[in-house]
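I've put the structures underneath this note.
Across the two complexes that follow, chain A remains constant while its partner is chain B and subsequently chain C.
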Partner chain A sequence: MGIGYVVGVLGGAILAHAAYATIQYRAVLKITEEEFSRPPMDVMMELLLGLVLCMWAGLAVPTKFLSVLPHSDENRIVSLPANLDFMIFNHRGRALPSDSDLKLHT
Partner chain B sequence: MAAAGGVSTDDVPILQAENLTSNVKSVYYSRTFLSIIGGVVAGIWGFTGLMGFVFYFLIMMVASIGLLAKSKFSVQAYFDSWTRISIEGVFGGLMSFVLFWTFAYDIVHIF
Partner chain C sequence: MAAAVAAVAAATTAEDEARLLRLEEQAEHGGGGAWDYLCLARRLRARRPAHVLRVGLALLNNASARSGLASEQWTLYEQVATAAMDCQRLDVAKDCIGVLSKQFPGSTRVARLEALLFEAKSEWAEAERAYTQILEINPFDQIVHKRKIAIAKAQGNMSLAIGYLNKYLELFMADHDAWRELAETYVSLQMYKQAAFCYEELILSQPTIPLYHIAYAEVLYTMGGLENLQTAKKYYASTIQLTGGKNTRALFGVCLCTSAINQLTKGRNKEEEGSELQRLAAEVLLNNYKQQAPSKAPLISSLLKNMKLS
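On to the complex of A and B.
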């Protein structure tokens, strides 16, 4: 999780530096009275690098995907609750299709 | 009782609702963040008019591929449909994109 934040902050810093370089480039164009068509090549490379880093951070920083299948290993019941007095076995869950894989394996 | 017998064929699939909500929220966060970053990049680059929107959908397509890779290309294990990971949320971030696009363009090219 920490490495994703660092990569995101680094990408943001690279984008900020590219913005500053573009501002300087626009100032030079104003002096030489030329038209702006495209940032210089190194600024474009900086923008793409910052975009790639932020894209990686944007995908890595949010929580990992959790399985939605009830039979997968992530959703297995691995322990019983501590207070057995509140366990109820006679409820409407019997209407759901039963599967022996969901039962606790000793 | 009748329901305790065999499995009916018209049952909806049983999914973990909490995990599905968490996954959809994660996709939404990623798309919103990439909309903002894409807007900043488009503004600094100097895109105007239709080129900016082309850039936005290009970024969203790359983000969809990245989200597919994040789910290890097995969508059925983490979502209830393909559109959850590939299409949903694309147009929701368009307003954030335009906001940061015009903001970055003004800072770099006009002010």
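On to the complex of A and C.
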């Protein structure tokens, strides 16, 4: 979890730096009176790296991935809930001794 | 009408079951997690009345813990009351219902609990009367309709219970619990054809739950006949697929179906994929026993040999 946050912050910082570098590049172009077509290659690479890091952090930080397979332990159904809406009370439990000191103190 | 249809209860997964048992152990030995345990038991609709009663009463009798629950404490009173009735501790149930009726006078939910108390005392006429009064206010109260079915079942009047269930399902045909109850009732009366129909409905509405597939397969296997056995084998196979081969009952089912089909057809019209399936099922079954119960592995081995499957 900790490494995810670090990677996220790093990705954000890289994206911010790429934005700053682009602004600087445009300022230089204004001085040299050249036409802006696209950011330089190093900024593009920086953007891609920042995107990858941010995406990785976004997926890793919130929680662990759950399996979509029906037979994995978190999805494998082992029993159905007791049908409590149709529950009846005249069962063998009546004959069992119950804990007499269980009382509701009001 | 759509709003009245009951929400599907989540089936219990292996992970949930393990967590419930862990929390139960923890709560029983005073290691905390009592409220988490009670919430999970409620969410999974697990019927563990003795534990719920003990753990729930411990929470309710602790004033600071109870006040910490705020409005959730009333849900706990209801849960403990039901558990107390299930354990035949009618005095505790009466006390809990008393607290609730003082807090919520004229509440339908409390009225249902009072009627449930009549049921626990086996005062059927009183319970019927109480439920009829609730139905006069709200004729589409599903829980009350279900309780009337439960009363018939508790009195041993299965034909009446089936009649009520069929009427109920005409009104609320998307209620999976009712279909399941009807299927189980039919099976208990050995009315397998009708039970098979109910399981078909359940498989159509919830195709990813392997327990319906296996129940349907078992009903078909019990009915017998070549066509039923072949269909049963397919449903056992689908159970194996949905459980990742972890359902021993389904593995046995495939072996038994294959053996029964071979006996009926006297070995003719053997399908190639069928023989492959039975071979794999027998292999997995034997491996499972070798890993988990080595002492019983020779028994399984000889059983499969007798069935001519290995």
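Here is the rule we use: the second predicted complex is superposed on the first by the 64 of 106 C-alpha atoms of A that agree within 3 Å, B and C clash if a C-alpha of one lies under 4 Å from a C-alpha of the other, contacts with A are read in each partner's own complex, and residues count from 1 in each chain.
As a working rule, contacts are C-beta pairs under 8 Å (C-beta built on N, C-alpha and C of every residue); 3 or more make two chains touch, one makes a residue touch a chain.
Computed from a prediction, not measured in an experiment: that's the story for all the values here.
**Q** In the superposed arrangement, does A:36 touch chain B (first), chain C (second), both or neither?
**A** first
**Q** What is the contact status of A:78 with respect to chain B (first) and chain C (second): first, second, both, or neither?
**A** After superposition on chain A, A:78 lies in contact with chain C alone.
**Q** Pick one for A:93: touches chain B only (first), chain C only (second), both, or neither.
**A** A:93 contacts chain C only, not chain B.
**Q** Looking at A:67 after the superposition, I want to know if it touches chain B, chain C, both of them or none. Which is it: first, second, both, neither?
**A** After superposing on A, A:67 lies in contact with chain B but is clear of chain C.
**Q** So which positions on chain A get touched by both chain B and chain C?
**A** Residues 69-70, 72, 74-75, 94 of chain A touch both chain B and chain C.
**Q** Could you pull out which chain A residues touch chain C in their complex?
**A** 69-90, 93-94, 98-99, 102-106
**Q** Spell out the residues on chain C that touch chain A in their complex, using ranges where they run on.
**A** So the residues of chain C touching chain A come out as 6, 9-15, 17, 44-47, 49, 53-54, 57, 60-61, 80, 82, 85-89, 91-92, 95-96, 98-99, 119-120, 122, 142-143, 146-147, 149-150, 153-154, 177, 180-181, 184, 208-211, 242-246.
**Q** Enumerate the contact residues on chain A facing chain B in the complex.
**A** 11, 15, 18-19, 22-23, 26, 36, 38-39, 43-44, 47, 50-51, 54-59, 61-70, 72, 74-75, 94-97
**Q** Can you list the residues on chain B that touch chain A in the complex?
**A** Checking each residue of chain B against chain A gives 1, 3-4, 7-8, 11, 14-16, 19-20, 22-23, 25-27, 29-30, 33-34, 37-38, 40-41, 44-46, 59, 62-63, 66-67, 69-71, 76-80, 104, 107-109.
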